[in-house]
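The same chain A turns up in both complexes below, where it pairs with chain B and then with chain C.
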Partner chain A sequence: METREALKEEYKSYIGRKIIFIAVCGALAVLLIGASVYFGGSDLSLAHIYDLLWKHITGTVYEVGTDDFHDDYVVWELRLPRAIFAIIAGAGLAVCGAVMQSVMKNPLADPYTTGISSGACFGMAVAMILGITIAGNSITDMGGIMNAFLFAVLPMLFIIVISKRVGSMPATLILAGVAITYIFNSLTTLLMMMSDDSTMAMVYRWQVGSLSNVLWDSIPLPFFINFVGIIVLLLLSRKLNILALGDESAKSLGLDTEMMRVICLFIISFMIASIVCFCGIIGFIGLVIPHIVRAIIDSDNHFVIPASAALGGIVLLTADVIARYLSPLDAIPAGVIMSFIGAPIFLLIIVMKKREVW
Partner chain B sequence: MTQKQEYYRKNRLKIVGILILLVVTAIIGIYSISVTQYHISFGKAIDIIINHINNVEPTNYTEWIEDKIVCEKLAPRGIGGIAVGAILGVCGAIMQSTIRNPLADPYTTGISSGALLGVTLFTIFGITVIPVNDTDLGLIITAFVFALIPCFIILGLSIFKTITSNTMILIGIAVMYVFNAISTLFRYTATDEDVATIYSWAVGSLGMVDWSSVPILLVAFVIIFIFGMGYSRTINILSADDRLCKSLGINPSKARILCLILVAVATATAVCFVGTIGFVGLVAPHIARMFVGSDNKYLIPASAVVGGCILIAADTYARVATFTGLPVGVITSLIGGPIFLIILLRQRKSAWGS
Partner chain C sequence: MANEVIVMNTKVIALVVVVIVVAAGAVGAAALLNNKGSNEKYYAIDGALNVYGNADGDYKIDGNDLSVIQDVIDGKKRFAHYPLADANLDGKVDSADKDLVNKIINKESCTINIINQKKTAGNYNSSVKWPVKSAIATGSSNNLLLFTFAGINEYVHGICYSTTPDWVLFPYYKDVTKLANSSTAISIDAANDTIKEYNVTALISDYTDSTISNESEYNKNGIDVIRVSAAVTDPDKYASQLLMLGFLFGTETKALEFAEWNTKVLKEIGDKVATIADANKKTVVTSNSAASTKGVWLSAGVSDYRAVMEQAGGVYAIGDDYDIYAVSGYTSGAYFKKGDTWLYQPDVNPDYIISMRVSTWYSGTVDVKDLWEKSVSAFDESEAYTNKHVYVMTGDAPITIRIAYAAAILYPDVFTMDWANGLNKEVFEKFYPADINPEGKSFVISYDDYTAAKAAAA
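And then the complex of A and B:
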């Protein structure tokens, strides 16, 4: 009996550690929003910012033209949506990476390395430059997202096919991803060459992975899609764990592996499409975050998914803060900072080939 | 017919095939000098060239301009383009055979991203490896040295760890990601003018080739071609099996390193002048293999011809397609990307040791 009690205790503390990690990450994200709002072109003290936020929430209205009105505008209309979007996008991309890695049993899978982001990017470019959308709405609405989704699904389907044909060797998948990225990037370049200068500049500014175009308008759709997506994936997490055992074990436990894969990948494509539409391609979050999370709290997807979401949000927000700290005029996109951090870690993962967490 | 006769007949066919391709390439190359936005007909372009060779002075301003366009811009572009394509084709063929991976290509191993980083550092910060007064020369030397870094990273790792050919390519891609991230970050500190220079490099274009670069490209081609031909037997054995190499008295890792270094040097030379033009080195050997099979004695010259033909055709098409001048790198990616995927799909599971 005693050993069973001890085991229970150990298990509890084991689970407790994971929950604490997730909670700490969540709290940090909230704190970081304040810090993120603090950095920027116009100088505002931290206390003043929290004061402004509080006053805005309680409904204080300023006279047009006063200093307070201006500060309130900067904080509430420009910086806050950006910070919130960074958390949504970071969380979404990190969860996509975590799920892709377990679904494909491939430590190098990630929306960026598999070419899905560049597919979505091309879809959005089609909407922006040619004005063709499959949903028929304007590009700021679902139309752009549906376009991006359509072109994100293409590489995704290809990857499903290829991993069946040649086995999901990490190298094969990434090589396919590189080729897909090349193809979509050239198509996007072709489109950009066909467009006039101002559209080209607009598309260029958007696709580099900058958060500078984000306003309140762009928050609801990605928030909704990613929130629902993460919840659904969280509900599927036990099945994802079974899938990670291997197809044969999963089938013998009554799981339709093919169906499961397709469902997960469709949800992921939709999440990626909704993020890429508003901030372009931000790479390596989905690759790096799940690895860090797994190193700390092991590979149970039930915990890996929320922890990845929390940490992903923090990391992208931090990357954005660093980018704005380095260049107050907002010239450096957060995506560049992210690949600056992520690319060496990618190299390390390949060279070290750490198998323990897998 | 005896087997010997059959064998010789097949080899003659291969040589004839290579010669036919050579003629096709030459025709496209000559045709390419009349493709511009300035309305110079093919016959006129030929006249201009003949006049130029015969030292006939242009009589009026229009003729002088046309002479400049054809002889100073398009002619070196055509010759340089064929040379670059041929270099990339030969390098791709040698690489695919030596590291026994059909997806190997001088560009997938990170050489281009290294050169791009060199160009970025030089253009923005003026960092040179060897201080020279000439800006162009400094740029080329810096690009060249940086282009060799990824290759040495791969070689260095392959000495300390046993890595498979796929891991080699994967490391190349990872190095490419790292270098591209650094280049992109620096680009944001640059002025608009510098960004334009770097951009034209990043997409790859033959527009930068002039008479001063043609001899260097030709020399690079001749060196890598002679090396490849002279070494073709060893490369053939290398493409079979390491144990077979050893039993035939060849040190496989030494031979491989020698090949890779020469390939890196030749590719770096090409990249210096035209920027990153992807997939030619990958696709050319595959097309060549369909015609002449896998014997490197025929594969290498065939790849050279096919590579030159692809690149000059793509460049000519790019000039016809849009008058603003589509970068040739975009076209080669659009052709090469799908072919890369097809090759990947046709791979057998067994070929992929991880």
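And then the complex of A and C:
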């Protein structure tokens, strides 16, 4: 009896830690948004920034050309949407990485290593350079996203086929993903060579990964797609946990493993496409964040998914803040900073060999 | 005898009368040519001021434009023939357009409409708060030269650049706030402090489409974006750039004076080039960079550098019918390095190879040997090199001076280097606020100059 009560208490504590971790990450994300609006090329005090935000929310309109008009524009139209997008993109990429690693049973799986981000970027390049879109006529609306989605799905399908033929050895699948990445990067470069200087510059910005062009109209589509995607994946988390037991065990528990993989990977492709459309390729978030989360709260996808979302948003926003701090003239893209942050952490994870989280 | 004297006197009187009449006629003609009032100079340029309200399409907005607008209103002239008559861009010509033009003539602050330009997308309309008293700009050397000749330097309070401009040429801009490490993009956040400090209302940008891609955001922030093509070689188009800036910033006189000189010189060059028979025209290719691991970049297709050579009378050896894409995979040019042979093939094989390089020409401290070797040594197996028809020349000079030097290189019998040097000196004496004296400095490096420098260094 005492043992049962002790076990119950321990279990509650175990779950409580996870929930607290998620809650703390969520709160940190909100606080970080609040702090990130301070950083930028224009020297504005935090008090003035919050005064502007409050006045904007309460409907104050400034005369064009006044100092407050310009400051309000910088804070409300540039810094705030950029911070919010960083949270959305970081959350989406981290969740995609966590789910990909579960679905593919591969600790090295993430949108970049599997070629999905490069495929999505190629889709954007096709839209921008060749003007070919599946739907819509602008790279900022569904046209660009559908192009990015289509070319994000291709590497995904290839990975699924490869995994059936050569088994699910992590190294093999990631090597295949790297090969796909090279193929799509080469195709993108080929398109860039055929384009004029202005288009080439735009596509290059996508390849590097930057939040500098994010505005309010960049928010709705990625927010909607990633919010819905994360909710759906959260609802599928129980099945992801079953999938993590292995295909044989999962099938014996009644799970259609192939269909589950396809559904998850399609959702992931859509989420990644919506992010790449607006900020380009940002690597390492999907690779590193799930590992950190699993090291802290284990690998139950019920908690890994929301925790990855919160922590991913924090990390990408932090990377963007660092980029703006180091280069107030906006010269360093967030993708570059993310690589500097993510690569050492990934090496650390490899060195520490936390395979037990699987 | 008396009759002879009378006849002689009559002839003298007649002669004097003729002289007086001719002189009076000459004075009258001069007065007419000076035109439109005793204080107004007639500027011999064909470039147009691309501002709506300039109904007659000349170089300024004045009472003549009001007359044209009235004629359109009265049905005497067709709107379609005078599109600039619609000063307020509401799709019709009426008294509101006259009111706006009157405001402009009376120098009253107002919002005007201009024909803006993008290199690929083409012309489009923009509104500008006028007059412009404070601006920021993208700071390529060509832009800074244009600003200087238009007389607007003091109104520009922030620039962006990737390669540091030559502060000897642009001393004013040395102390101007740097807004970005790129020559094509300025973050509004980074520019905000300068915008507030100087009440900036305009951003002057290069007309390349990818430059200032956040133009709509600047417009929302109350900053009007004005695009200029500062490297254009056509005299009328260059005059239009000067006229636009002069009008917007209220420096019309200075801008017009330079536009007139520039147009005169380019037309003189054009007239002399026209006397050269096609059979005697020289083929040329040009580059503007140092050799990299990939080689030296040779321009093709639509290129400002190619335009300089063609304006100087050269026939560009990498013509439009040459498949440069097959050589390099690019449509805008190709790299050439030692060992490559495509440049030596009969369908290219230029008579001249001219490298236009930015360097410390106006300081007189160019390292001749180093610059030569980095710029043109890749071509040492070419016929042009063998014939000593390879040159390195200034890429910093005003466009017209570059054309003059290129013409002097290609056709020394028609254009002399002394003439080009004289123009170089003249432009800085007459139109440049900074104390720059090109005299005694060299702006063209020939093969002989290189060998002398090499021998001196040995």
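Methods note: the second predicted complex is superposed on the first by the 347 of 358 C-alpha atoms of A that agree within 3 Å, B and C clash if a C-alpha of one lies under 4 Å from a C-alpha of the other, contacts with A are read in each partner's own complex, and residues count from 1 in each chain.
Keep in mind that, in the parts below, a contact is a pair of C-beta atoms (placed from the backbone, for glycine too) under 8 Å apart; a residue touches a chain by one contact, two chains touch by 3 or more.
Everything numeric in this text was worked out from a predicted model, so none of it was measured.
Colleague: Putting chain B and chain C onto chain A via the overlay, clash or fit?
Modeller: Superposition result for chain B and chain C: clash.
Colleague: May I ask you to decide whether A:S249 touches chain B, chain C, both, or neither, giving the answer as first, second, both or neither?
Modeller: Touch status of A:S249: no partner.
Colleague: Could you look at A:M193 and tell me whether it touches chain B, chain C, both or neither (first, second, both, neither)?
Modeller: After superposing on A, A:M193 lies in contact with both chain B and chain C.
Colleague: Touch check for A:V351: first (chain B), second (chain C), both, or neither?
Modeller: Touch partner of A:V351: chain B, not chain C.
Colleague: So in the superposed three-chain picture, is A:A331 touching just chain B, just chain C, both, or none of them (first/second/both/neither)?
Modeller: After superposing on A, A:A331 lies in contact with both chain B and chain C.
Colleague: Considering only the touch criterion stated at the top, classify A:T60 as touching first (chain B), second (chain C), both, or neither.
Modeller: Neither chain B nor chain C is touched by A:T60.
Colleague: Pick one for A:V178: touches chain B only (first), chain C only (second), both, or neither.
Modeller: Touch partner of A:V178: chain B, not chain C.
Colleague: Based on the superposed arrangement, let me know which partner A:S13 touches: chain B (first), chain C (second), both, or neither?
Modeller: After superposing on A, A:S13 lies clear of both chain B and chain C.
Colleague: Of the two partners chain B and chain C, indicate the one touching more residues belonging to chain A.
Modeller: Greater contact footprint in residues on chain A: B.
Colleague: Once the two structures are superposed, pull the chain A residues common to the chain B and chain C interfaces.
Modeller: 193, 327, 331
Colleague: Inside the complex, what are the residues of chain A that reach chain B?
Modeller: 108, 158, 161-162, 165-167, 169-172, 174-176, 178-180, 182-183, 185-187, 189-190, 193, 283-284, 327, 331-333, 336-337, 339-340, 342-344, 346-347, 350-351
Colleague: If we count contacts the way the header does, which residues on chain C are in touch with chain A in the complex?
Modeller: Against chain A, chain C makes touches at 119-120, 178-182, 184-185, 187-193, 195-196, 199, 201, 208-211, 213-214, 217, 220-222, 329-332.
Colleague: In the complex, go through chain B and note every residue touching chain A.
Modeller: Within the complex, chain B touches chain A at residues 103, 108, 157, 161, 166-167, 169-171, 173-175, 177-178, 180-182, 184-185, 188, 203, 278-279, 322, 324, 326-327, 329-331, 333-334, 336-338, 340-341, 344-345, 347-349, 352, 354.
Colleague: If we count contacts the way the header does, which residues on chain A are in touch with chain C in the complex?
Modeller: Per the touch definition, chain A meets chain C at residues 40-43, 64-65, 67, 69-71, 73-74, 77-79, 193-194, 196-199, 201-202, 212-213, 215, 327-331.
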